[in-house]
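Dropping a structure here in structure tokens format, bear with me for questions.
All chains are identified by letter, namely A, B, C, D and E, in their written order; residue positions are counted from 1 within each chain.
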Amino acid sequence: MTLLAVHDLAVARGGLRTVEGVSFTLAAGQALILRGPNGIGKTTLLRTVAGLQPPIAGRIDMPEDTVAYAAHADGLKGALTVAENLRFWSRVFGGGDLAPALAAMDLVALADRPAAALSAGQKRRLGLARLLVARRPLWVLDEPTVSLDAASVARFADMVRAHLAAGGAALIATHIDLGLEARVLDLTPFKAKAVRAARPAGFNEAFA
Amino acid sequence: MTLLAVHDLAVARGGLRTVEGVSFTLAAGQALILRGPNGIGKTTLLRTVAGLQPPIAGRIDMPEDTVAYAAHADGLKGALTVAENLRFWSRVFGGGDLAPALAAMDLVALADRPAAALSAGQKRRLGLARLLVARRPLWVLDEPTVSLDAASVARFADMVRAHLAAGGAALIATHIDLGLEARVLDLTPFKAKAVRAARPAGFNEAFA
Amino acid sequence: MSIWEYANPVKFMRTSGAVLPWVVAGAAVCTVTGLAWGFLTPEDYRQGSTVKIVFLHVPAAMMAINVWVMMLVASLIWLIRRHHVSALAAKAAAPVGAVMTVIGLVTGAVWGQPMWGTWWEWDPRLTSFLILLLFYLGYIALWSAVEDPDSAADLTSVLCLVGSVFALLSRYAVLFWNQGLHQGASLSVQSGERMSAVYRYPLYLTMLGFGLLFLSLLLVRTRTEIRRRRLAALQAREMRA
Amino acid sequence: MIALLRRDLSLAVRAGGGFGLGVAFFLILCALVPFGVGPETSALQPIAAGILWLGALLACLLSLDRIFALDHEDGSLDLLATSPLPLEGAVAVKAVAHWITTGLPLIVAAPLFGILLHLPGAAIPSLLVSLLLGTPALSMLGAFGAAVTVGLRRGGLLLSLLVLPLYIPTLIFGTEMIRRGQDGGDTATPLLFLAGITAGVLALVPFAAAAALRVNLR
Amino acid sequence: MIALLRRDLSLAVRAGGGFGLGVAFFLILCALVPFGVGPETSALQPIAAGILWLGALLACLLSLDRIFALDHEDGSLDLLATSPLPLEGAVAVKAVAHWITTGLPLIVAAPLFGILLHLPGAAIPSLLVSLLLGTPALSMLGAFGAAVTVGLRRGGLLLSLLVLPLYIPTLIFGTEMIRRGQDGGDTATPLLFLAGITAGVLALVPFAAAAALRVNLR
């Protein structure tokens, strides 16, 4: 079953195209790793897939309510405890139990700690645990392993593998090796030609 | 020449000791890499060395105005351009030219771009370029390579090597391998015993 | 050819460049002759020479309101059809409208001093005008605060819609709050009996002049905005390359 | 939606007495006014109704500015936008949470401050009713302003510039109602206007606010 | 220090008309007051001096809340604290930048707003002098409040709560001076007090603010 099909997609940031002509499909059980140098447009592409900004050209086909997005910021409230943060997202997404999610990211011991009192890596682990309670088939992850130590990276890889085995899919932008057996898409060849600005179809050269 | 000498240091975060009994020295030309699992207390230790919080026990010996600190946040103003951001820090630290710093982090082409329009990795590169204009002998870096692509990590390693060769020193907390030939200090054995709360000497057991 | 073709920036630049000199000339002729004619009118038996302020005051006050209406229409066009020129025209119009409002307020104040013995009175007409100025200021401030031009256009358009509703509401609320001493619309239906023809015709002429003045300012400023957008795009493109 | 409401309320409570702060600000303002205008009853009584409403307005405004800004900074807003919750609903819920933490305590405390400012007892009922009808519109309009300015640095002052003019009709009808209550006049007309404005605002503004949020997330 | 001042000023200007916003807010406030208290000269004249000072206070307050918060969020404050700049100097510079962007435009615009509120012409000089002497203290005290609340979420209201009581003496002497100017009385005494307060505040508060900042960075 195809969860995500991207056809000839072009995305823009700040009024200028970043990448264009990107096509790929993701079926259930598959993961795709996006690579590319800083500033090529990975974040922009992921935000477009997550529906936070419109594509400039091309099509994105997927069923509704498919995506769980995790970005650089984790969306945590420092005043709430780890468990409360997780419970909130679980309720919003009409989602699952906390216990397995806490266990998967080794947060059980920290469950009653306010999120403000977590270290950088612990915060990130909580942000990833949110994916498990969101119960969405497609994970769209932007540099998920930032600040994680080696053991946590391995734990994260296990989590992704289990998600894929359960029929999910994942689209991951990263600079480091995650130890996942997944296809890799390097965005470098899709860099937008400098001459083509991002503008609606039918627009004249004289403008932007 | 010894730039930094740490004797039997204990640091605390949120009223609880994180690591204790840490001792090391850094001479000019040396780098020390701090490792340890998430939440062990690397960030806390670095902030203490940088003088942002007082140590709970032990001593930190170093000359005045030695440290240039770079943390998770880069201290950039989105409304200012890359060059303006850098120039500001250069003025504040009474420091050096912009051109070599921009060149070292491959920011020349971006010099007139507002910092808000940079990607995650580009921002981080600007944050690191700041170290060069600060002209301080001791760099204290907290996960400096987050969001950097492989080429930028190599460039950063070159920059550290040049700094060491010029008589500087560096104290770096990181989870990934930087390709630097430096001593590594794993903080795991120094983890504070759970029973000892952080309190000033002479404090009564009944308190704190 | 549909009228929307003119929303194409190139076509707009060409057409507006062609008509601009004529509009400017018309504005100059109407404003100057209207004001000169108005200045030469006889003194009013009650208000003395101060009545001549009317030739600045009324056209400015009228334009202040009309400019806002024009911005509302342009905002709607942007929101519905997404023509960049209309968004930029709304942006270009706002400062002109704000200045017209200020002219109306200042001339009114200068007039109020001899007439009512005070520079400022919280009369509903004047108060509504002050509120209109506030809406203009908010709109301009929002344009200058948002970096991305398309987002700025979207946000200011939404603000213009909501603001229009509340500007109208405020007008009624203010009437409810205080019945004032400002004259009613003396150029409306029973205009004949309330303002003599000596004043009326030069007034019509200055009103036309101010309308044309606004149009020429609008064209010039919109052309500037388009060029600024193009400049920014070219710069960004160069940077990226 | 209930989850969001509960989270926002518990955040307000934990972040150091969310309920109390608005009232405390109101109190300080009411305490400052006599310093500004002089302590005589004759000076205070005629302006009491106006000061109470202005205080409510400003207390509202000050607590508003971060209604979406915090969620934007820590990334929650992105996540909420990709969640099954419609953004319009999220906006409405946040306005409700703001009203509960700021508007409601104000209403409860208002009679007390009325006494501080020598408001006659006869005006207290219309004070309460006018606040009860008017403050929800303040919260909702404030949420709109916050949605428009989210992500802009220096939002605070810009927000006030955008929002305060929108508050004018509510302010006018609110104070007019108190003043009429004080003089024993007819309060039905301003009451109807107030209720009408609030109903219209509650029905329509969430859509405008959600549209603004979507633009700002882009 | 000059570098910091220049940066703060250019940030204020780029973030969308830093200079104008405070004045615009002041204008709105002056426009709202008559809606609250009624349009008659007899109602407005006695409270004009108080309202003008309260407006200056609030415009100051609203623009204050992010004076350190922004620098804290993006990490600049940590870096400034480790820089050769003494933190006391940084605090003072930030207060000066705030005064230039908020206090100064207010002073320039104040006579106009005095006219709106029917302040008699005789009171205009004392209005100007009192603002000129008083507003620097407002900025400096505000910087202290901002330093104490930096890093707290929901700082806005808490900040007002802390800072407004500190503003009371300035407010009292400021309005008293205008009132005496209006009645042709002796303005020397309140003037001296105002100047004294401001001098004291400028000399001492930077140290308290820097100490508060150090604690909050810890």
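Note that in this section contacts are C-beta pairs under 8 Å (C-beta built on N, C-alpha and C of every residue); 3 or more make two chains touch, one makes a residue touch a chain.
Remember, predicted model here, so these are calculated numbers, not experimental data.
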item: Intersection of contact partners for subunit D and subunit E; value: C
item: Furthest chain, CA centroid comparison against subunit C; value: B
item: More contacts between chains, A-C or B-E; value: B-E
item: Separation of subunit A from subunit D, taking each centre as the mean of its C-alpha atoms, in whole Å; value: 37
item: Subunit B-subunit D separation of Cα centroids, rounded to whole Å; value: 45
item: Mean-CA-position distance for subunit E and subunit C (Å); value: 34
item: Where subunit D touches two or more other chains, by residue; value: 15, 73, 152-154, 158, 161, 164-165, 168, 172, 218
item: Residues of subunit A engaged with two or more neighbouring chains; value: 14, 72, 79
item: Multi-chain contact sites of subunit C, meaning residues that touch two or more partners; value: 131, 134, 137-138, 141, 145-146, 148, 177
item: Subunit C residues within the subunit A interface of the complex; value: 8-11, 13, 82, 84, 148-150, 226, 229-230, 232-233, 236-237, 240-241
item: Residue numbers on subunit A that touch subunit C, as the complex places them; value: 14-16, 194-195, 197, 200, 203-208
item: Of all residues in subunit E, those that touch subunit C in their complex; value: 15-17, 20-21, 24, 27-28, 31, 34-35, 38-39, 41, 44, 115-116, 118
item: Residues of subunit D defined as touching subunit A within the complex; value: 2-4, 7, 10-11, 14-15, 71, 73-76, 78-85, 217-218
item: In the complex, subunit D residues that touch subunit C; value: 144, 148-149, 152, 154, 158, 161-162, 164-166, 168-169, 172-173, 176, 189-190, 193, 197, 205, 208, 211-212, 215-216, 218
